[in-house]
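Once you've had a glance at the structure underneath, I'll fire off some questions.
Lettered A, B, C and D in written order, each chain numbered from 1.
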Amino acid sequence: MVETVLFVIFGLAALFGAITMVWARNPVYSAMGLMLTMFSIAVFYVSNSAHFVAAVQVIIYAGAVMTLFLFVIMLIGVDKAEDRSENLPIQRPLALALIALFGSAVVVAGRLAWTTGVHNPLDPVNGSVEAIGNELFRKWVLPFEVTALLLIVAAAGAIALAFFRDGDDAEVDA
Amino acid sequence: MDLALSLIVLLPLIGMLILFAFGRRIGEPGAGIVATVAVAGSFVIALVLALDLFSGEGSVETVRWFEWLPAFGVEAELRWDQLSTLMTLVVTGVGSLIHLYSIGYMHGDARFGRFFAYLNLFITSMLILVLANNFALLFVGWELVGLSSYLLISFWFERDTAAAAGKKAFVVNRVGDVGFIVALMLIFSVFGSLGFDTVFDGAHNGELTGAMATAIALLLLVGAAGKSAQLPLYVWLPDAMEGPTPVSALIHAATMVTAGVYMVARTGAIFEVAPIAAATVAIVGAATALFAATIAMSQRDIKRVLAYSTISQLGYMFMAVGAAAYVAGIFHLMTHAFFKALLFLGAGSVIHGMSDEQDMHKMGGLAKKMPVTFITMAIAWLAISGMPPLAGFWSKDEILGVVFERGGLWQVLWGVGLATALLTAFYMTRMMWLTFFGEPRWDEGIQPHESPKLMTIPLVVLAGLSVVGGLVNTPFKLTLEHFLEPVFEAVHLAHAPEGSVAWILAAVSVAAGIIGIGAAIFRYRDRVPAEDGTGWRLLNNGYYIDDMYAGVFARGGKLGAAWLAFRFDVRGIDGAVEGVGSLTRRVGGWLRPLQTGFVRSYGLAVVAGAVGLLVWFLSRGGL
Amino acid sequence: MTVTPGWYMALAAVLFVIGTGGILLRRNALVMFMSVELMLNAVNLTFVAAGRELNVLDGQVAVFFVMVVAAAEVVVGLAIIVAVFRRRQTASVDELSELRG
Amino acid sequence: MDFPILSALIALPVAGGLGVLLVRRDELALPLSITSSLVTLGGAVWLLFEFESGEAGFQFVEKSTWHEPWGVGWHLGVDGISLLLVVLTAFLFPIALLASTSVTHRVRQYMASMLFLQAGITGVFLALDLLVFFIFWEAMLVPMYFIIGIWGDERRIHAAVKFFLYTAFGSALMFAGILSLGFLVSDQLGGPTFDFVELLGADLTRTAQFWLFGAFGLSFAIKVPIFPFHTWLPDAHVEAPTAGSVILAGVLLKLGAYGLLRFNLTLFPEASVDLVPVLAVLAVIGILYGAIVAIVQTDIKRLVAYSSVSHLGFVVLGVFALTTQGLQGGVIQMVNHGLTTGLLFLLVGMIYERRHTREISEFGGLASVMPLFAGAFLFTAFASIGLPGLNGFVGEFFVLIGSYLSLPGYAVAAAFGVVLAAVYLLWAYQRMFTGEITVEANRGLGDLNLREKVIIVPMAVLIVFLGVYPKPALDIIEPSVDAVLERIEEKTDYVVPEFGSTTDIAVEVGE
């Protein structure tokens, strides 16, 4: 019962956030909307026994990533309204049509009978740090290490991109 | 024995290596001496070794050098039997005389040492050829003499004609070699070995029959025809006269060109079971003999006369070995080596004395200026014309006798041979007359002189051999025949007739010779005819066969090759390859506008794709 | 009325579609980027919900990896946006069409 | 386990290449890389002497698994077929490097490319795991692409791209073939594998063999190159720098023939036997066509390139003759062609360095000013023509006689190649070296210098040695090719024809 209430409240919040993000003309509002959606999703994680993931969601996404976004928005000064005119001729109608088609396909998909695994209420998942850690460092240790590598490369790439001074631009042009 | 036999081949080889390495430093005449000593050494060793065989006590020996190609059942192995002995003696004997002569002839040439290195290379190769104990090694020698021939013909490579002639000789020989190689394939497929003993024993024991035997023998004939300048592959030999004259004497008269005859004789066991092929050999030989003799009548270049004469005489030898008269063929090979080498060396002496003039119409009256050359050449002239008791008489007479004795259609060949004998006497007399008799017709400033001793001594020795060389095999005492018989155990040797028939035949052929000589003397005795009628021109140009070859094979081939290379290959095949490339590029060009550069268009496409996939999955899911 | 995984799936689908719309309709690079994040989050939600239903942790582990990748992507992506902005003084993707064929 | 000599042969050039790149001094590049390749050569020679020549199987095997579920592993080994080619590779590289003194631009990168190329080629010959083989096969393309594309002649980019795309096209098919082969056998062998030796234990259906033969064969055919896939070769040769041409002709082309022999014959025996006529026809066409086209070339490098097409035709004919002599001839012909054509390209490079032209008509009469060079050229030409006593003869002789019984008509046709070889090479020699000097620029040319002599002499010695006494090489090859034939006989109803069994010409005409 509690879950139902939570779902309704935060589901609506998530939708509101998402629509805000897409609709808002000012990127700062968009960022705020996205942050709201992320918090809501974190709540769903908790209600789905994914406590560790919920924590990570709040810390990394709603915290670090969104902060970064806002930081960039402020840095490059685009925190002003953007006009809504469309200059690609058929982009908007085509996009809307596709979205509609996509949505209806999803609806259709939801009404089909899907063959899945069996739910066993006596064996609920345990999303504690310990359980996730066990998984990560046993079964998934190699991919885990690879992600470490990925992050290093990403960090190095970001630094390299940020390092260009004005004088270097000529070199890039060539 | 092993070492001695090996040394026969190794001495010239060592000489060659020394001369290649230090020839320039040794210089003149040292290089010539080194080379001559090497070949003479081989000759002496061969002579010593041969004494046992001559006395009838020696046996066939083989020397194995090393394991070579076990896959073909052959080793690097030499064979010392009566036939190879005789060939070795001819090659090294005549060879050393010509080496000696060359020291004088090549005097002052910038690449004196290199010349003798090539000569030694040739002797080595020729010895490998005649001493080989299997087809593979024989083929090695066969090709190597071709190489030496190439190198020596184009020795004066600065002359375009010399370079072209060397190439032509090698290429035409190669055409014959294809026949030889294919013959080797067939032989190996039948016997599983290329060793002489296996093959000849097998052929003798009936393992080789019918069409296969004929095919092998005919293919061998193709090879032999290439090397021995028989129809239709003779065209290289006249051109080969571009080489220095000693080379013409050694390679293109005495030794290398007789390799084909040697090969047919050596493989007699195969021709024995292929009578059609043997007859073909004889016919080719007879035809070549007559054909070349007619051309020889009309040449003005003294060396070309001798070249066509060589082709003609080789035809004689082919006729003999084709008629299974192997001894007669080898006998003529030997005597011919003496007198033809002598003729060439004499011609060389004349050319030398005439400051490199080769046109006989510009000679005449040289007998007094060059007495030694004249006398020795006169002996050779009479020998080749078949005048008794000189060497040529005995060997030519034996060939004609054998062919006549075979009866039937063979007597047609005898007729051809007789006609050739007549023509031979005619053109040799013409050559002698134009050169040595009559009024001098020299260009101004030429001072004919006798050649130095170094050159005349070999002439004298060869003249001696041309006189007595025939006595080793006369109808009265068949020494050579008995000596060679063990080699030809596997074949039924054809023999010359005996008794009154023999006398009559001899008389007829001598008469033919005398008629030829007489006719020529009559024609040329006091003037030089113009010799430029249509018939003469036809003959002078060798019936235009060489020009025809040049047109069809050289020019036509080049045109065809150019079409293949620059049309078919570049436009056709490569065009297809490059076409694929440019097609890809063009298609890329058509598709380019799809890349609008707008990220959102790409996003639209991605979403469209994703939705499409989703719809497709759903429709497959049974909607 | 209990919450079934289907509800979460439905919600996630709606969020995903909204995110798609954001990418197709907006031309501010930053907002497009945020839309991508939204789509990733929507998928993450399905992972977690499905994992719970099937009694496995794999879903949550997958979410973890997705987050790491998303973080890396954000870092590089934002760096690129900053770099581009420094040259072009714009964050509109329509201005960046040099790669037009 | 013993010292991993095979891995060392691959690792040494790589180490040398890295060393050259890291030592940032151009003048040290040549000495360093030559040292590296000489050490490699030492290793290869050691391998040659330690090799047991009577054995058919792989020796010096190194094996360690990388990924068990897919059956991928580092598996190297050498047998009679690959040994000589490995040694040839090790032998040609120091010489090719020594011939690269005219490279002055990006020297270190050039030397490193050459050394990486060496590692790649050696790896291809040694690899016994198909994926490892494929990795080396592709890895080798990259340095070769740069060597042609950076240090080549005028149209180098075009040639390099053509070379790369053409071979990569074949490689793509081969990769698909390797993958499908590896997974196709998983039912029989209890899991997928790419290990060559294990793959030999599987039986494939005729159809599968046919398709896989095609996938592998096309890639190899392009590499050989078999007519009509040869047109990349003249372009690549003409544009490549001297050392590039030497390596291209000397060893790179052998990879295709080696692949056909090593993989196609053994893994797909039925398809091989079925497709013999196709390959024999193409081989003979290649022999004659390459030779005829070579005759009229005006560019000496193109001429030699087309002569390669002709010579490699002999190799293919020998391989698909499926007789001991034919296969032996094919392998030895690969080695011989590597030496003779390699030397021809080296010589052409020497004259190019002097005159900066490859047009035959620009020369003429060179023998008077450069007698030693002319002699060396003629020597090599005769080796290439197949003169007995020099190495070319042995291979051609084995191939021709060896292929007669199984492919009589083709063998006879191929025999005409020996005439054409004499025509194109001697004519080229005549045009370049004999006669009077016609172009003034040629009058002052210098003869061979010490460096060039050092390049020529070892190759000439080997050419003579293999020509006079080929037995050691043949002994190494024979057991391994016999094993290949035995396998074909065992897997198919093909019977290796016995020589010495025919008595009638009907066989020759009938087949």
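One rule holds for everything that comes next: a contact is a pair of C-beta atoms (placed from the backbone, for glycine too) under 8 Å apart; a residue touches a chain by one contact, two chains touch by 3 or more.
Values in this document were obtained by computation on a predicted structure and should not be read as measured data.
Q: So which chains are sitting against chain A and chain D at once?
A: B
Q: Averaged over CA atoms, how far is the centre of chain A from the centre of chain B? Could you give it in whole Å?
A: Roughly 91 Å separates the two chain centres.
Q: When the C-alpha atoms of chain A and chain C are each averaged to a single point, how far apart are the two points in Å?
A: Centre-to-centre distance between chain A and chain C: 4 Å.
Q: Measure off the straight-line distance from the CA centroid of chain B to the CA centroid of chain C, and report it in whole Å.
A: Measuring from centre to centre gives 88 Å for this pair.
Q: From the C-alpha centre of chain B to that of chain D, how far is it in Å?
A: 36
Q: If I count partner chains per residue in chain A, which residues reach a count of at least 2?
A: Answer for chain A, listing residues that touch two or more other chains: 88, 91, 95, 98-99, 102, 106.
Q: Which chain C residues reach two or more other chains?
A: Correct list: 20, 24, 27, 94.
Q: If a residue has to touch 2 or more other chains to count, which residues of chain B qualify?
A: Residue numbers touching two or more other chains: 598, 600, 604, 607.
Q: Please give all chain pairs that are in touch with each other.
A: Touching chain pairs, listed by label, are A-B, A-C, B-C, B-D.
Q: Over in the complex, which chain D residues touch chain B? Could you list them?
A: 162, 165-166, 228, 230-232, 289, 292-293, 295-297, 306, 324-325, 328, 365, 367-368, 382, 387-389, 393-394, 397-398, 400-401, 404-405, 408, 411-412, 415-416, 418-419, 422-423, 426-427, 429-430, 433-436, 469-471, 474, 478, 498-508
Q: What residues of chain C sit close enough to touch chain B in their complex?
A: That would be residues 20, 23-24, 27, 32, 93-94, 96-101 of chain C.
Q: Where on chain A is chain C touching in the complex?
A: Contact set of chain A toward chain C: 1, 3-4, 7, 11, 14-15, 18-19, 21-22, 27, 30-31, 34, 37-38, 41, 44-45, 47-50, 52-53, 56-57, 60-61, 64-65, 68-69, 72-73, 75-76, 78, 82, 86-88, 91-92, 95-96, 98-99, 102-103, 106, 110, 116-120, 123-127, 131-132, 135-136, 139-140, 143, 147, 150-151, 153-155, 157-158, 161-162, 164, 169.
Q: List the residues on chain B that touch chain C in their complex, please.
A: Checking each residue of chain B against chain C gives 591-600, 603-604, 607.
Q: Applying the document's contact rule, which stretches of chain C touch chain A when the two form their complex?
A: Going through chain C, the ones touching chain A are 1-3, 6-11, 13-15, 17-22, 24-28, 30-31, 33-35, 37-38, 41, 44-45, 48-58, 60-61, 63-65, 67-76, 78-83, 85-87, 91-92, 94.
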